[in-house]
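Here subunit A shows up in two complexes: once beside subunit B, once beside subunit C.
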Partner chain A sequence: MTSGEKRVEIEKELSFGPVHPALIEPYRIRLFVNDEIVEDCELNINMAYRGIEKLFDGLPVERALLIAERVCGICSHVHAWNAVRVIEGGLKIAVPPRADYIRVITHEMQRIASHLILFGHAFEVVGHETFAMRSFLLRESFMDLISYVGGNRVMPSVPIIGGIRPRADLTESLKRVILERVDEFEEKYKGYVARIIEDPLVMSRLTGIGFLTKEDAIKFHATGPTGRASGWDYDVRTKMDEYKPFDFNVITDESCDTKARIVVRALEVFESLKIIRQAVKNLPEGPVVNRSWKAEEMDFTTALLEAYKGELMHSYALDSQGRIRNYKIRTPTPTNLAAMEHACVGDHVTEAILTIASCDPCLTCCTRAEVVDSGKSSVLSDLEIVRKYGWRK
Partner chain B sequence: MNLKATSRKNAIHVMVAYTGGCNGCDIEIVNAVLSPRYDVEQYRVLLTWNPREADVLIVSGVVAWQMVEPLKKIYNSIPDPKGVVAVGACAVNGNVYKNLVGDIGQNEEIWAPVETVIPVDVKVPGCAPRPEDVIAGVVKALPKILEAP
Partner chain C sequence: MEDMPLFVLGLFASSIVAAAIAILYSLVLPGVERKVQARIQQRIGPPILTPGFWSVLKFGYKKRVEPNAQMPGLYRSLVYFGIGIVVLLFLFTTPYWWAVLGWGSILGIAGLLKLEEVLYVLMGSQSQSFLSTGMPVPDIAKGSKHIGIKREFVEQHSAERALKMMAIGSLPLYVALLVPFAMARSTMISSVVAMQNPGYALSSDWLSAPIPSSPVLFTLPGILAAIVYFVGYVMLLNEKPFSILKAKIDLIEGGVLEYASKLRAYYYIMRNVLMFALSSIFVTLFIGIPFDPFVPVMMLLNLALSLLLPLMLAALVAFSPILTFRQIYPAAIGLSAVGVLALIISLGV
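Showing the complex of A and B:
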């Protein structure tokens, strides 16, 4: 794939998966190695195809949110929120500011939980159980907060069309609990991050592997922390109206390696904490849901949102009865994985899985579409499309 | 409790097979078994990824058709006596992927529930079930293993 015209003699093929200790989700990695140096890498992520985009077709738009939330179990709030933002943008439904604030709070809470899963996963691959366990323990405090807000640890179901579920409204006592827990968490987390960054053993394992230059990141459209670790300061949050009231920094790193991808996420958690504090302290009063809307015919509308792994796109149209047509989801992971396939070439074979894990792969949402290439009558997955044609707007 | 049951009880190995759900249950299971808060390793229940060592198989997710054969293979390579726990609404009844479809009427990409592929002993419903529920489900599957001849 990446070697171009140069012919490389492949000595050995190593393949992992679909079910393998290092991979919690089912996917298949084929590493073509020459003297323990990876010459080529091929990922097959088509193990969890559920036909999810087709399920939306013909559903009333409120019911479709249930499926949208279950696209991914780590970024459930993002999918629900973005599905709602499509119709709110298309039909110009006004959202009360209080609802927007609570959506942002849940979003940032889940971002922290998601980044901490990555640390757990990455350090398990490194072989440092203690850091993995500590990150799982730290994550629990935010899982608790999510369940206080939404009622469920994994599927909080906070957004509905025109606002949030009244159950997810923040009471005064819950606001106090959130602020207390955030302070408590920050203290523990500071110690945890300092311990990681000062650990020479872990850092020597992470530094200098999996290089992804800025040009490659832009070419493959590796968004989110993966792109920002290559010095590309692309963050959808800076362009969103919902994030206008908040003051936060976009973390970038120029060192482009696996360490940068971990460190960028570690520092992003502090920015998320900052946003949560601002949002809880300045939470405006007022209603949380605007019910004066009616599903009517809507053109194909797109909404972008910064998911925890990168840029997420949802788009659909509504027909005259308010039923969904042509639902399309583009998640960040296929493009990130295509970049990681490229990044792990030239490294030692032991570092390949660590490099792939460092882009926070979440494969359930990747395998939701297959495109039939009519010219050759073959079926391509999203990853293959990115690999073959590059990313296009 | 006889000698066999006592010795079996001292090392229950759990294997997780993820068959294409949304990842939520999967993380809750790993959380239940691994994370320091819901640590079941203190009760000598260990997570393994080798089906030949496993006693309890935890299955999560709708069974995508790519995972049908691997799942049967995993089930067959677990030595007897074995227990199977289906965790999550997807594994129990197919959840929204099976029951909430629009125009197409029936989702033929998935094989949910898990029962249609391999025999299931315990079902843990919920989307996603809490880690406590997962632990309770595993405990319910234990008598079958311990009391087997």
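Showing the complex of A and C:
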């Protein structure tokens, strides 16, 4: 310990999980505490390997994209969309504007559903079951709409290479239904948000805990609403061509606490509603898919997209037969993890778990690589994989 | 003295009838509570008898699971002590017990309630479930930034929180309890009831229905104390917003985590009877209607009015988050201050 470092006295360690009724995903929290105050935190992930990146290797690109959608149940559309954006960017495949609009509509619908899941989970962690259940009740409107568009509530499978599936095209009647549902939802949602903000007990639980400064958010690359709640106005959507036609605000908050993270998401829902309305009303006419492309050799290409929890990266290459090589996915959670560990220092134990939940972790999506070698399955770190098999040949 | 055998007989008979009715009735209360919560949350909710009655019966038939406690025998016995304590707590407020060695007094009530609180500390310090430190995860082998730190089970942390709740969380209830006694200028329950319900006497006729003429609840100190009592009731039951010692998000169930099968059924009985006992005490002390098993109208009135606090609790639970000690300390201090104010006013009445 250097002389300038603050000495931290630790009384004991409290650990929760990976099997725990309140942690909805398999991860382990180690809190180093003094009485009730958290002095340090360690989040251990890597409890569930699915080996999904390995599954992509050697698959024809069209088939592989179905797997991409299954990386996450909450963010299914964003993974599918970003997976097709990689090849569309790499092979310069033009996407019809109507398809882009429908991709954006599905994306924003799922963003609302995702934020409402977070409210449900966060209020369950706060202990307010009524707010949690109302959130899930509100979410149903958008789960229905997603199924009307894509034919499925969780895996709508809207994007394909060069556009969207023709069955996901919006009819005039569906456009009317979407606009009506959006209006109905907005009215109910305003009441819901007002009740949360006016509830002094809930606000006392959210305010003044889980501080994450803008500098720390940038340092840890805490993207998405987590970073925006610390005043960092970083949103990949502002740089995307697909979002150029739409007028929306990037919501930021300077409060840097748990309340800010909830409020930013609450306000982002209104921006998503705004984008959906614009997209439905101004939906261009024309085809929804461009089929004039051919899978060919493609160098490593990366695509970034603003997922609901932060920045999402997909990257892969194609060989000469159009088969995928070295698929790499970086979900928002790996970079947000360090921010979560940092933000809950100084909180009470019960608050620390709320702080982690308010950063909207999606931990099972974090670690995917599994190596099956001579009949024995083993899990290797990225560094070990590189040492054993070399760097992305 | 020649009445003594008759009194002892009456004491036994009333105790058995009262305890049986209390246990059976208390098994309905969780269902009522859950139903109200569900309706608030726009859900149908479980059938009334399921959470209290059928779940107790179900756990009674589950395969026995040995707790991993440091002293399993002691850990198991704590729940039996708990049932004994809450049943006695209730019996002490029934009229036959008022004359027994002064147990039907504020000292009897407060003493047993404190014992009940101590149980949670003991349960927490004993229990060692595998859901926290005992979980076989190789993070010890992987190391940590902090080496050689004591690792604690979540139940042990719950015991520490139970100790804090004992120190400050239960204060409002005890202050509120004092108010009716201060108004009656006596420590005996009989005096408190006599002050509010002069028509009631131990020798009341079977079919008599003496209505209280001046309930404590309808006075200024009474209403203030009733509010404080209700919040204290929530604190003592460890229900939201004061359920920090069994907060699901970190401590899961706290010290009672390892009670499974029959022990879990007994724990539910203990918790349910405590809920009813505290409600019945409220009706006895603040409204002047004691639970007299030999005066059916009084007993039924007490049972009906004892629903008041569980119903209010259900609404509060549905609309409350779990508070941490940041909020519990000021809330307990503020409520105790209101209780003290009620006490001061009651002394002047």
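Following the convention adopted for this analysis, the second predicted complex is superposed on the first by the 359 of 393 C-alpha atoms of A that agree within 3 Å, B and C clash if a C-alpha of one lies under 4 Å from a C-alpha of the other, contacts with A are read in each partner's own complex, and residues count from 1 in each chain.
FYI, a residue touches a chain if its C-beta (ideal position, glycine included) is under 8 Å from a C-beta of that chain, and two chains touch if they have at least 3 such contacts.
Keep in mind it's a predicted model, so treat the numbers as computed, not measured.
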Task: Could you tell me if A:128 is touching subunit B, subunit C, both of them or neither one (first, second, both, neither)?
output: second
Task: Check the residue A:282 against both partner chains and state whether it touches subunit B (first), subunit C (second), both, or neither.
output: neither
Query: Of the partners subunit B and subunit C, which touch A:207 in the superposed model: first, second, both, neither?
result: neither
Task: Quick one: classify A:25 as touching subunit B (first), subunit C (second), both or neither.
output: first
Contacts of A:73 with subunit B and subunit C, given as first, second, both or neither: first
Message: In the overlaid three-chain picture, which partner chain does A:238 touch, first (subunit B) or second (subunit C), both, or neither?
response: neither
Message: Is A:249 touching anything from subunit B or subunit C once the two structures are fitted on A? First, second, both or neither.
response: neither
Contacts of A:321 with subunit B and subunit C, given as first, second, both or neither: neither
Message: On subunit A, which stretch or stretches are contacted by subunit B in one complex as well as by subunit C in the other?
response: 18-21, 47, 133, 137
Subunit A - residues contacting subunit B, complex: 18-21, 24-26, 46-52, 54-59, 63, 66-67, 70-74, 76, 117, 132-133, 136-137, 139-140, 152-155, 323-324, 362, 364
Message: So in the complex, the part of subunit B that touches subunit A is made up of which residues?
response: 16-28, 30-31, 34-37, 49, 61-62, 64-67, 70, 74, 95-97, 100-104, 107-110, 127-128, 130
Touching residues on subunit C, where the partner in the complex is subunit A: 37, 40-43, 131-133, 135, 137, 139, 142, 144-146, 149-152, 154, 157, 160, 240-241, 243-244, 247-250, 252, 318-327
Task: Would you mind writing out the residues of subunit A in touch with subunit C in their complex?
output: 10-22, 28, 30, 32, 35-36, 40, 42, 44, 47, 123-130, 133-134, 137, 199, 201-202, 204-205, 348-351, 353-354
